[in-house]
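Each of the next two complexes has subunit A plus one other chain: subunit B in the first, subunit C in the second.
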Partner chain A sequence: MVNERLNSANPSFDLKYRRKKNAEEMKHQVITFAMMIFFTLIAFAAVGFDFSKWFIKPVILLLAVVQVIFQLYYFMHMKHKGHNTIALFLFSGLAVGLLTVLTFLTIVWW
Partner chain B sequence: MQMDQKFTDTTWPAAPEKATLEGKNKYLGFWLFLGGETVLFASLFATYLALKDKVPNADAALAKDIFDLPLTFVATMLLLTSSLTSVYAMYHMKNHDFKRMQAWLVVTVLLGAGFLGLEIYEFNHYVHEFHHTFTSSAFGSAFYTLVGFHGAHVAFGLLWITSLMLRNAGRGLNLYNAPKFYVASLYWHFIDVVWVFIFTVVYLMGMVG
Partner chain C sequence: MSTYAKKQGFGATLWDYLTTVDHKKIAILYLIAGGVFFVLGGLEAMFIRIQLAIPNNDFVSAGFYNEILTMHGTTMIFLAAMPLVFAMMNAVVPLQIGARDVAFPFLNSLGFWLFFFGGLFLNLSWFMGGAPDAGWTSYASLSLHSPGHGVDFYILGLQISGLGTLIAGINFLATIINMRTPGMTYMRMPLFTWSTFVVSALILFAFPPLTVGLVLLMFDRMFGSNFFDVAAGGNTIIWEHLFWIFGHPEVYILILPAFGIFSEILATFSRKRLFGYSSMVFATVLIGFLGFMVWAHHMFTVGLGPIANAIFAVATMAIAVPTGIKIFNWLLTMWGGSVKFTVPMLYAVAFIPSFTMGGVTGIMNAVAPADYIFHDTYFVVAHFHYVIVGGVVFGLLAGVTFYWPKMFGTMLNETLGKISFWTFLIGFHLTFFIQHFLGLMGMPRRIFTFLDNQGLNTGNMISTVGAFFMAFAVIVLVINIIITSVKNVKVGNDPWGDGRTLEWAISSPPPYYNFKQLPLVRGLDAYWVEKMDGKTEMTPAEPLGDIHMPNSSILPLTTSLGLFVAAFGALYNMDDDKTWTVPVIIIGLLITLGSMLIRSIKDDHGYHIHKEELTDDHDKGVKA
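Moving on, here comes the complex of A and B:
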């Protein structure tokens, strides 16, 4: 099955190659993580330094969106091939969710 | 391919989580569930945003009075780091290194437990210092429902990962449990995704006013 297709005639060579690929991917994950921490620091610093709220709010929301894209595409591997159905599930959920947020923000009042 | 077949480092497939039909189905089904979870949390966010600072009288605490920047920062760092440690666990899973995978999962669970402990402290603090309870205002109900639901997800994730580790401790890695570990780590990342929006929308935007 999948295993037989992936492994070549020389298993030890194959193993070395796969290990190297896994290690490379792990390195990218650590870089992604460092960037996520960096964005979080900027978001908290922006609030700590007390800038205008019209500046802070859009900036921290944008940083949150970028961080979530990192999580989904790198940590949760959505950047890999064969994630079309998965993307359909997630983005359908997101579309319904964002519509709910928009509706509640515009029609609920006190 | 037998589910409980013993593997060596060389025979272990490159994508063990999707090497069996059951694994493939689990993976797809889990993302469908995550799509549903997205809708669930978005509804709770919508409710919170609509009811933020809606309190019955002028003495009641508002968002900008109760939130604490350092505490939120530490909690965020704990949960973000636990996301990376679960990536490390899956890295070792793909390399067929059961011991290292278990070790990183232990670190993940400890960081998650630290986060949960801080949240319990935080809620306790709000209730006793600010009389900000579930029933004190619409703001309180919306806040505790949203953040509490996330906290409950963290608690469930901790139980889930711990049970997987204990149940499979004597088995080692095979194609039966690899998808289980993988899906649990996806769930853990999703909890982190939700927290990114909670710390931004609830805490940071709450403190800005």
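Moving on, here comes the complex of A and C:
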């Protein structure tokens, strides 16, 4: 993780490095935040303009998925190193859950 | 600290165990509770076999038979096999990875007490109006119409104990990810630790579907909802899916730890490194993944349609591949080894063919068209007893014998152990082999009696005789345990003489802090590596320092007790004539929430064992 080198022997070097890193991080967060707001506007607009529901539903779902990814990777720092195990478990759980949904959709309800 | 005291009275010891957060003591608690439930489930099995010994028997009534049968299955899976598996994990895994305890000692204790009170609640049904009688699978079409409160005991009891299991699983995940000693990389973890890791992940993903299913069933039975009630627009098949999405991973949750135990035993007593270590790890993980994609093989005859049946049949057969890899690796581990036939090794050697037979009938069941014939006959009963008894129970008996010295510091008697082994092995095959043929002859499962002159008499009689052999074996085991505990002859670090992994590098039982200094792991089979370098101890990975220890606490017990009390209120709440139920629910929840509140606001930073104390007592712990 970025903060791991907090107690390095050379504080001035570290400080500069971390300043730069933090500024970059901040930029990413602001950009993703703006995009998430924008996505929300699109979602509202799609419903507001009364498009066909075959258009609205997939678009909103897609935007939702992208937002979740932003949330996890940018705001909850999963893009940083040291999150492999977490990612593994997250995606395994997702796979198991989606498999269940898929079966229910295909052989229980249809 | 009470743990310092060498000799203490019964009351103090009891209090010590009620409040303990030490993984080694929790292992003993799991062992005792699981052992008692195992004997109880075994007793129920004997009643089943006595009833079915001769045609038209009236040893028990039909209704009572259903209760015994249901409680046998439920007890054995949830209250015997699961806790015994946890006993092994708690006793061994922290030692194998070189940790001082699990990641969350408090939660470890909470997990045990939730399981315990859930199991107690379930079994109190015997004295409170009748046990559940809808089978361990509790299919909604049956359980919704079961009169009385039996099924409600099943729902609430399993809900509480399931919570404990989930907590324990998460705890082991955190432990294995975070608490490995320096040098203990993933690919140096002993296979038992690996299987614990995979099993904990399976628990994490498999128990929530059960929880959801039980909640829905609870609403249907207690609050008049209609999730599963077909007449009111519900769908009874949903329960079957939810149950088996949990149920199939559950059978792997039971068998993988047994695989792990056998991998340790076979390597130890062949005095050879486990053959194909990395393929064993790979197979374990793959079985874990595939275990989630096959549940509908329990539902082939439901009418899912040919495409669904075909997909699930193929997926099921695919599991045989990693399982086969394991079988061959075990055989090749023994190949060319200098094999020593101790009691655990006997179980391991007998396990391989016995379990394989269960695997073969599993593949037969997986052929969907053929399963239309096998399903709900004794053939299926034979299949799952071959894998569960021949796999899980053998594994647990082997594991308990193998790790007994590490848990209690004494060795079980080998002669008595061999008597147990042989009678159990013979009894097991006598009981269940013939059931394949009973099934093929058309004897349905879950019937309380059968008619004369249908060709079923001899087979059932043989099966019952076999059951008595197994009962005898268990009695001998209990006698063995009693004799060993009374004699109380203490043994050293590595009583089998061929220990390979870290747990054998420290005293039996280990001091309460396990490792004075965390050991440095220099390869697979860490202790063996040091032995081969002519050393008798592990190299420490850290200087001697203060050790941080958690404080004991009674709160896990009270938290669980509150749910236990509240469950009685919830159970009787639907009877109109009982007015005391709401207060009981409130009191129970207050106990639980109060305990949680105390835990949250009271700072408990644990305590430190100081460096000086560690250097003082040489006999307490071998230097790591």
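The criterion applied here is as follows: the second predicted complex is superposed on the first by the 94 of 110 C-alpha atoms of A that agree within 3 Å, B and C clash if a C-alpha of one lies under 4 Å from a C-alpha of the other, contacts with A are read in each partner's own complex, and residues count from 1 in each chain.
Criterion: a contact is a pair of C-beta atoms (placed from the backbone, for glycine too) under 8 Å apart; a residue touches a chain by one contact, two chains touch by 3 or more.
From a predicted model like this one, the values you see are computed outputs, not experimental measurements.
Peer 1: Any idea whether subunit B or subunit C touches more of subunit A?
Peer 2: B
Peer 1: Who does A:76 touch here: subunit B (first), subunit C (second), both, or neither?
Peer 2: first
Peer 1: Which partner does A:103 reach: the first (subunit B), the second (subunit C), both, or neither?
Peer 2: The answer is both, since A:103 touches subunit B and subunit C.
Peer 1: Under the contact rule defined above, give the subunit A residues that sit at the interface with subunit B and also at the interface with subunit C.
Peer 2: Residues 85, 89, 92-93, 96, 100, 103-104, 108 of subunit A touch both subunit B and subunit C.
Peer 1: Along subunit B, where are the residues that touch subunit A in the complex?
Peer 2: For subunit B paired with subunit A, touching residues are 1, 9-11, 13-15, 18-19, 28, 31-32, 34-39, 41-43, 45-47, 49-51, 54, 69, 72-73, 76-77, 80, 83-84, 87-88, 91, 94-95, 138, 186, 189-190, 192-193, 196-197, 199-201, 204-205, 207-209.
Peer 1: Would you mind writing out the residues of subunit A in touch with subunit C in their complex?
Peer 2: Subunit A residues touching subunit C: 85, 89, 92-93, 95-96, 99-100, 103-104, 106-108.
Peer 1: Under the stated contact criterion, what part of subunit A meets subunit B in this complex?
Peer 2: 1-3, 6-7, 11-12, 14-15, 18-19, 22, 25-26, 29-30, 33, 36-37, 40, 43-44, 46-48, 53, 56-57, 60-61, 63-64, 67-68, 71-72, 75-76, 85-86, 89-90, 92-94, 96-98, 100-101, 103-105, 108, 110
Peer 1: For a test of understanding, state which residues of subunit C touch subunit A in their complex under the given definition.
Peer 2: Result: residues 173, 177, 201, 204-205, 209, 235, 237-238, 241, 245, 289, 292-293, 296, 304-305, 308 of subunit C touch subunit A.
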